[in-house]
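Below are structures written as structure tokens.
Here come two complexes built around chain A, the first alongside chain B, the second alongside chain C.
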Partner chain A sequence: MGAGGPPAFCSASKDDAVYYIDLAVTGISFGCMYAMMSVGLTLVYGLLRILHVAHAAVFALGAYATVLAANATGSIALGFVAALIVTPLFGMAIYRLLYEPLLNYRPDVPMIASVGLLVLMQDAFRIVFGEQGVTFRRNAFSFRTFDIAGVTISAVQIAIVITAAIVFLGLHLFTTRTRIGVGWRATVSKPRIAASFGIDPIKVRYLNFAIGSALAAVAGGLVALLNNLVDPTIGFVVSYKALAIIVLGGLGSVRGTLVASLVLGLVEAYGTIFIGAWLDRDAIAFLALIILLMIRPQGFTGAHTA
Partner chain B sequence: MSAYTISIVSIIGINVILAVSLNMISGFCGQISLGHGAFFGAGAYAAALVMVGLANVPLALLAALLAGSALGIIVGFASLRVRSDFLAVTTIGVNFLFVGFVRKQTWLGGEMGISGIPPTGFGAPGNMVMILVLACATVAFSLYVNRSWMGFAFRAVGEDEQAATTLGIAANAYKLAAFGIGTALAGLAGGLYTFFTQFITVDAFDFIFSVMLMAMVVIGGIGSTWGVVAAAIGLTVLPEAIRFVNDYRLLVFGGMLVLVIRLAPGGLAALIRNLFVRARQA
Partner chain C sequence: MLTDRITPSALGTRALLGFATLILLGVAAATPAQADIKIGFQVPLTGPAATDGKSAQIAGEMAIEDINAAGGVLGQKLQLVTYDDQAKSDQAIFTANKLIGEDGVKLVVNGSYSASGRAAAPVFQKAGVVMIAAYGVHPDITRAGDYMFRLVHLGPPQGAATALYIGKMLGLKKISTITMDNDYGQATMDGFLEAAPKYGIEVLNKYSYSLKDRQFGSIVASVKRDNPDGVYATGYFFTGGPLVAQLRAAGITVPIVGSQAFDSEKFIEIAGPAAEGTYIIDSFDRDRKDEALQKFFNGFRERAGYAPEGVAAITYSAVKLMADGIKRANSAEPDKVRDALAATKDFPLLEGSMNGFNSLHEMIMPIHVNEIKDGKFKPAGEVGDLNAFAPPEK
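Take a look at the complex of A and B:
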């Protein structure tokens, strides 16, 4: 489901060193994808203390927007543009219509509403676009592979890693070099003080949802390209992995999320060899999560305690 | 009674046990668990193994009860270490781990599940009566717990753990008790489910099912036994009563979850309570 399944591009045999490099490539590309998916979640948690489970629906919406617009226009780039327009609006709508009225309740109230929204959206995707899902009509890009010293890397994997690098560099520059970005960070760490310096916390929240959703949409579009398929379950497993990742990364920490995503991508890639016989690949993230939470209940960094 | 009615009533009974037991953990004691399906599944698999091996009904129910609460107490220990949001994520994880683990176990039938489980010998109506008796017992037990000292302690821990500890309530012990009792009942429901279907696969115990159980608790009114019973019955009958709903079951469940939380975060129970208050004032 979603980004699950065995590594698709392993051509070498198990005894080969190349096989392990192949796994590393798979692991890193999945890790980058997880990072783009999870960072929106962690931003929302950092700002509002809500576990935004419906983020997976945003991710799926991004994937659908990409594939539908790409099929309509014949250009994959336009597909991504469409996703980048639709999803931030959707993300902001979720905040305005669902979370804002629930901010004064216990944190599990908005979370359960969020789970409800995800289940609803997933079924809506199934009803509107069909159980079988949608494939790209013209997608030569998906199947192009490069052979580098015996290691097979697909163009999509390279695109995922490059996109993630650009996105995180951009995010870093945005939050350290621009006024809006600094205001955003200030609001996340000290909302009252930031507000007293004239930063509108409501605008920051919308910005937060817009950026987080856009990143999820990019990740969704890339996964759509990788699988050459968008089906209703695309966001499902990934979304719960993302929950595990943001907890592993210490809720609210972007850097922790990035590290946890890459670690998880690699652990999953190699983990399938060693424990794949008795545990589903998709459950590995939660095994890691539960072990970590038992040792360190505050997560890796412990920056925010729940 | 037609076979169809018997099967619907049986499923209602099982869902009532599950929703009421989840309400004890999440409603009474405030420990949000989104992995109730895992405990249900543990009970179902334990009962299936006993039935296949020994074909003994009481022993199968006991095994189901013990399997559910054994897993539940382990997760309960997790609830002592992690709080609220973290606990929710942990229980989601437990559910995924359970499904991911069982799917790969050949001795549990793997993806194919366990089929050909011997019948209880009571027939479908007999099974239904057994399920209903146990469902009523569960509801009565829940009402009793709510009025007892333990129910008071559960609520205290759920409302404000620190304040409860200050008052000399052993919060940890009560949290473990809530998990142990709630998950034992979920395991029991699993055993009954095994008797009912005689065929189980792990997909019946996935996270989506746990969400539906949570939907029953939230829509009924978290903490209210009667509200939860009403919601469990309603949400089980609804897809059967309205044909088209069956195809859009998840859409309806998700939509209701969103709407109820958005419009009446207290659920059915709070709505009715408000109506009474208004009627009295008028």
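Take a look at the complex of A and C:
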């Protein structure tokens, strides 16, 4: 996306304020979506040192499950329930069938297998559900918007932000207040010590894939609502962007990933207008990545996991 | 009886006659092609363009059946020789050579994308094979030579007609433009921007997006701030659908004008109630009181299970035009068919009557505009000033 000319900064009228808030709404809602998509990737990387590219296929599967189940039952909520059942199983199957047999190989081997799975899934979606994509049949929700003093916010944008807040708060409580959550966190940072305390690392891996996939599925379902369209390419753009985000966030760091996601969402929303005339929106993530790697190779938050 | 007794020589003669008859019958049965005129047909049946390819294939077959049911052409039946080109250049060249070398085809309908038509055109031109590109929009197709014909408006003329429609017919003067960042989107927008000043249109701001985009938050916010009289966007239905929905969601109520490739039932499905009041330029008039069109619509829906799009209609018309060219040439010789096609005048396409071809064999035809009303395509006028959007000449 791009603009012919950036609007003038000097005349700061009420319209300008509305404009910049509009852009912020876009940026924050996108940042939240990126965060839900990317955390699963970070979790897998932190635990197994695998770049889980096929996570984008999980995201797409979540979108398809949501729209298909919603159309079949007439309830968008049931669509999300279906996605939350299907994708964790799919995520765990990816671990069991694709990554586990390859864990003893160099890290690029499971990554290549992951790319292969993504391509396969994209074509499978195309063949099974059609090239033109699927839309929600009854979906007044997608089109509902609120006008708050001139600022437009859509119901889906609100849903994205609220969902992300609930999800990350829940994840925080889970990993700090529950035994299994603490064990999970321990396995990621100190696998040997965790094992000596009787935590089963294999169970943690399944848990990891189940939760990461569920998050991606929620993100996929919300993007499906936002676009009112699920087509085979839905996971494509987010796939490489999420890779950039987890590197920006310092590989393996959940907090870094959250920060990087929000920053990228905002930079894209404003960047589209101010530098979009000569730079594609989707390239902004990579420009940021290159700059950051030059000045701060450890990522935004500097969290070290390696 | 004597007559029943067959002498050895008579037996020989009879056997010989019988044998000869058998051979004759066999030859006749084995070479029905001698009585058929083959039409080569390239369509993308696999790969990302397969949706359009399937529509084109069904439409092409329907055209052949209709022609043959009406007695064929010059007393011969038409036969379609179909190849999947995957909408890719290499497959288009490969199948073009196959059509020429193995199938001996002299007349071709390319029911595929620009990448295919553009690659196949020089191959067919060199072999002296006539090709009609049903909906490939790249300028290089007709530039390959005089055996090439095109049945769809090029991007720049479509854009110029859009400027006329917006500035003169809708009377909108302040416009924000949104361009899809590929050949088709840019070429069409270039035509618009060039012609816009002629109709007193002021372009407030120009935005662009990539084919992968489905989220237009920043553009939408900017258009809202531009506060234009109207919005003109180029794109496909799968980008246009979300774009229009998001523009409307932001409270932008001014008319939105979309380019030809918005023309799909899927556009209305994606944009939902937000699609109302969107104008689509060079869109196909589905309501036209035309027996052939209504018959095609029903027949297609029955076979495909969905309503035909512009791609299906134009591919059907391309096969019909080829048959008409053969009839007018009174021969299936490519040189004669080419001359007959070049002289086409007022030929009834499913979309309406085309005036003919110009020197570069670009189609000359008024541009029809639809508006979405009550979730349906409804006619919203026609840009008939052919000089205002004349395609390039040789």
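By our rule, the second predicted complex is superposed on the first by the 286 of 306 C-alpha atoms of A that agree within 3 Å, B and C clash if a C-alpha of one lies under 4 Å from a C-alpha of the other, contacts with A are read in each partner's own complex, and residues count from 1 in each chain.
We adopt the following convention: a residue touches a chain if its C-beta (ideal position, glycine included) is under 8 Å from a C-beta of that chain, and two chains touch if they have at least 3 such contacts.
Computed from a predicted model, the values in this text were never measured in an experiment.
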First (chain B), second (chain C), both or neither touched by A:Asp282: both
Which of chain B and chain C A:Asn228 touches, first, second, both or neither: second
Which superposed partner A:Ala113 touches (first chain B, second chain C, both, neither): first
First, second, both or neither for A:Gly133, with chain B first and chain C second: second
Partner chain in contact with A:Val218 - chain B first, chain C second, else both or neither: neither
Partner chain(s) touched by A:Met121 [first = chain B, second = chain C, both, neither]: first
Chain B versus chain C as contact partner of A:Thr152, first or second or both or neither: second
Shared chain A contacts, counted only where both chain B and chain C touch the same residue: 280-282
Partner chain A, residues of chain B touching it in the complex: 32, 34, 78, 81-86, 88-90, 92-94, 96-97, 99-101, 103-105, 207-208, 211, 214-215, 218, 248-251, 253-258, 261-262, 265
In the complex with chain B, residue positions of chain A that touch it: 45, 49, 51, 97-98, 101-102, 105-113, 115-124, 127, 240, 243-244, 247, 251, 277-287, 289-290, 293-294, 297, 299, 306
In the complex with chain A, residue positions of chain C that touch it: 48-51, 181, 205-210, 212-222, 224-225, 238, 241-242, 245, 248-251, 264, 266, 269-274
Residues on chain A engaged by chain C in the complex (per definition of touch): 1-5, 7, 15-16, 18-19, 22-23, 25-27, 29-30, 126, 130-133, 135, 139, 142-143, 145, 147, 152, 154, 223, 226-229, 231, 233-234, 236-237, 268-270, 272-273, 276, 280-282
